């Protein structure tokens, strides 16, 4: 149960079977930092090329294919006072015939007040003036070395996680990833001070971060897609395009979760999901889109109480 | 501002330019009933063939193509004590290779306690036992006569509305539809005592209903897709397949809404959506899927306050 | 086996259960004309509003839901000397970020030389000069009244046929449609002097036409999607979006065709398709896209010969 | 212009920046062998794990990102007398509700007669008997090291090529790939004795192969997607899901090809494609699907002749 204070020396823009940056044991906690998506650190200095550079990978002793990696996100907070975002939504999230009518692509700067917990548009050049929004920090891109020795760009996502840009991945959430490579090789990066659903502009408010997380293992537990848990919900994550397929992956994984982990028979799992499922939208900007399938813990508690 | 108590004599399983069942004036309120999706009324008697039979159409005096129909849903409540649902999710929402492993399709019966506000599984044949869930009544299918004299099945949806199966369409919500035909010709049906996101089993808890709604017009206001408003959010609705295209329709309509109705310039609308948009999933069972794009009223209030 | 020379008096821009324009018996032949997609006739005069106006519907005596309508296209030829096309591909067939770089949308005029069998660009304003292409006349939009009393826009397609824009629907081809309404109610329109796959500009070379076709019935033969046959191939047509779903519909229908009509067991049908199937692309411009699944007659002949 | 006879010692199931197996110069020719998709060589012995193992990579001296790799496929022929295929189409190419009705998945064995140029079903257990089909040998999976240091599974495809399963990649075809890594790092594998469009069973007739190809470079020529050329056509390849997006990639690349390589202005390119484009279907089994966009050389010749 060691605590590792890790200072990254290099970063990766693929998630793959790279040489471990740090070896940890199951149950260990890591405190480290993430550069922003363009490779800038807490001081605003560019320390690595852009493209969602990842801190890590972290090698978890004893992790083997067929296990599940547990990642408890204990602290996900910006570590500087400014972020940036794109000013135009991506052409793939608007009607094709509307894409030609989009305003010119620029960069918006935001002042982040960590004490107040807010982000404020720096230059009042639009009707938004100096719009101030509450922070909701999260990590956009994290995951484990993918199956079969692949190294997959941090611009996309898959069964291994990756650039899911789901607003639910902030402080207090536990994420689960299928282990495909020895040591799991956990990567993490792409902090957002806040973000709309879908990351439809192709960015949140991009910012460097301090993070603390605990890595653990469930030995012999095989999952197919990332999963997660917060105070209120269990969830599963599907990453694919079109969104229809992301829905299929996430829903199928949730049906497995209910049957394998909660002892429901097939009809019970299907009836429960049919009337109680919730979905959240992750990234719709990447090559692969993300859909999250959720079930409320209070609903599962009702099931356990016998209705 | 008349109040019409309307007793339906016939029902439609297409939404189209059918002979009006009732003529009303803008501002009038209608109290009426909806049979369930299988055509059964409050007494449980089948009074019309199944397939989301619609009450109506209601002809609104003065409505013309290019106007917007306003539908304030003032009361959407079950009017009997039992509903039914499918017991298996649709094969199109699970992985294709998982579809062969689905349990056998059955019908689940639910006891609805309107006083307590609950639905309870009638036959404890699964691990769910007599699961009890809180009611969240809504209408699955409603809308106006489509463009160009079309008559479109109540099994699907489009710019005219239709079978959107969005959980947000319950008591207290205002819906907006583009008017395509003289009189707008509003149809409504397919009540659900409650439903999961996506209507992934192909049903909610299907039930007959009492509804009260007020119909109004915004003359000369042209919208392209259904819109809505509740206490917390403004929203737009895209209906298409794949979901990616439903996202495009809903997002484009929201960009128009922000610019046309709220005076935002292009960059303001795009930046705001980029960091503040939310999406909800409607139907993913029909030929056309539904995605809802939302912006919080408190966020718009921040914009109006000047940031 | 009558021959009807039919002069259309009105046209429809939905395919639906409209009042029959002509009653025919199974086996009868019809000679008639089609206006172009903008409603212009052989003399170039606009006689009806645009939007793929349909000649018909033709009521076939004895046709009932559950039968198959047979349409032998015996003559599909332009009846005037000029056509037009769009000059820019649709934004939905290019990358979203490329859509903003498209040239301005114009109309191209083509001189059609029916004796020579060619179409020539009228105004040499581009690098194409007076490009001359061989004619390959076809009908873009035809089909039968859809299921359940629907009336569906001629801008799209479905199980009933509609705007499929498949280059294979020219002289000598036999098309099959599922009958959904009494009399089948056959509609036909949208002639193209020639067209690229996909109708990616949203038009072929649009032109009015003379057509001759024979309508027949296969009583009690239920098909789910349009089918066709030419000298070399049998084919099935799926209409949906995304194309993936059109592939699913067409492939499933072909699996049924091989098993029901050609006596193949399941493994035989699957193995044969796996190694011998061909696909053609129909419309990728409409709300619904079209994919055609084909099997060569010479391959089926090999099967019948016992390998 | 050396000729290299290369005997592979190891294989890769990702396409990535692996250590070169052989260094060649632009213009050099390579003769080598491909194991089948399950890792079996000409003698039928399994020499490497399955999953479309690739021979290579071949490092081309002087190739740099921004260049184009030219691959002339001079000989693509089976080198043994037996192949295998799956006996059931993939569940993702049939309607979801049909997927449950599929026959049991088996393996079919085929006897390949290289002299006669035929493949014959070995075990006459279905209505196909000993069906004999003409050979049409091709490579299913080939390409270059992807962008950004990625290593991508040979089960899928992308801008770098990969598992495209396009029937057009046989003897006599020239393929072009964008170079993303120094030396290009060309991989090749997954021979099919023949295959239906789409590889809808997930296999062609899988077989080991002898291949001869010449590798060349077009320095400073940047393409975005694989391209190709045969006696009759130029073509571009899009790899993505859904197919709609593969259509977009391939069509956009063809618009670039016509404008950059053939001197057409924008309107010329769009008009030409609109009326003359053809599409072929590649793989619809993988995570990424493949669509091929073609233009006939005789059409381009017409354009050059001035119409």
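Note that the chains take the letters A, B, C and D in the order they are written out, and that residue 1 is the start of every chain.
Operating definition for what follows: a contact is a pair of C-beta atoms (placed from the backbone, for glycine too) under 8 Å apart; a residue touches a chain by one contact, two chains touch by 3 or more.
What you see is a predicted model, and the numbers here were worked out from it, not measured in a lab.
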{"item": "Most widely separated chain from chain B, with each centre as the mean of CA atoms", "value": "D"}
{"item": "Gap in Å, rounded to a whole number, between the CA centres of chain C and chain A", "value": "46"}
{"item": "Distance from the mean Cα position of chain D to that of chain A, given in whole angstrom", "value": "34"}
{"item": "Approximate Å spacing (C-alpha centroids) for the pair chain A, chain B", "value": "32"}
{"item": "Junction residues of chain C, two or more chains touched", "value": "92, 96, 102, 241-242, 244"}
{"item": "Chain contact graph, described as a line, ring, star, complete graph or other shape", "value": "complete"}
{"item": "Partner chain D, residues of chain B touching it in the complex", "value": "90-92, 96-97, 99-100, 102, 242, 244"}
{"item": "Chain D - residues contacting chain C, complex", "value": "85-89, 92-96, 98, 102-103, 106, 108, 120-121, 124-133, 194-198, 200-201, 203-205, 241-244, 247-249, 251-252, 255, 263-268, 270-279, 281, 284, 289, 299, 302-303, 306-307"}
{"item": "List of chain D residues in touch with chain A within their complex", "value": "13-14, 16, 51, 147-153, 240-242, 245, 287"}
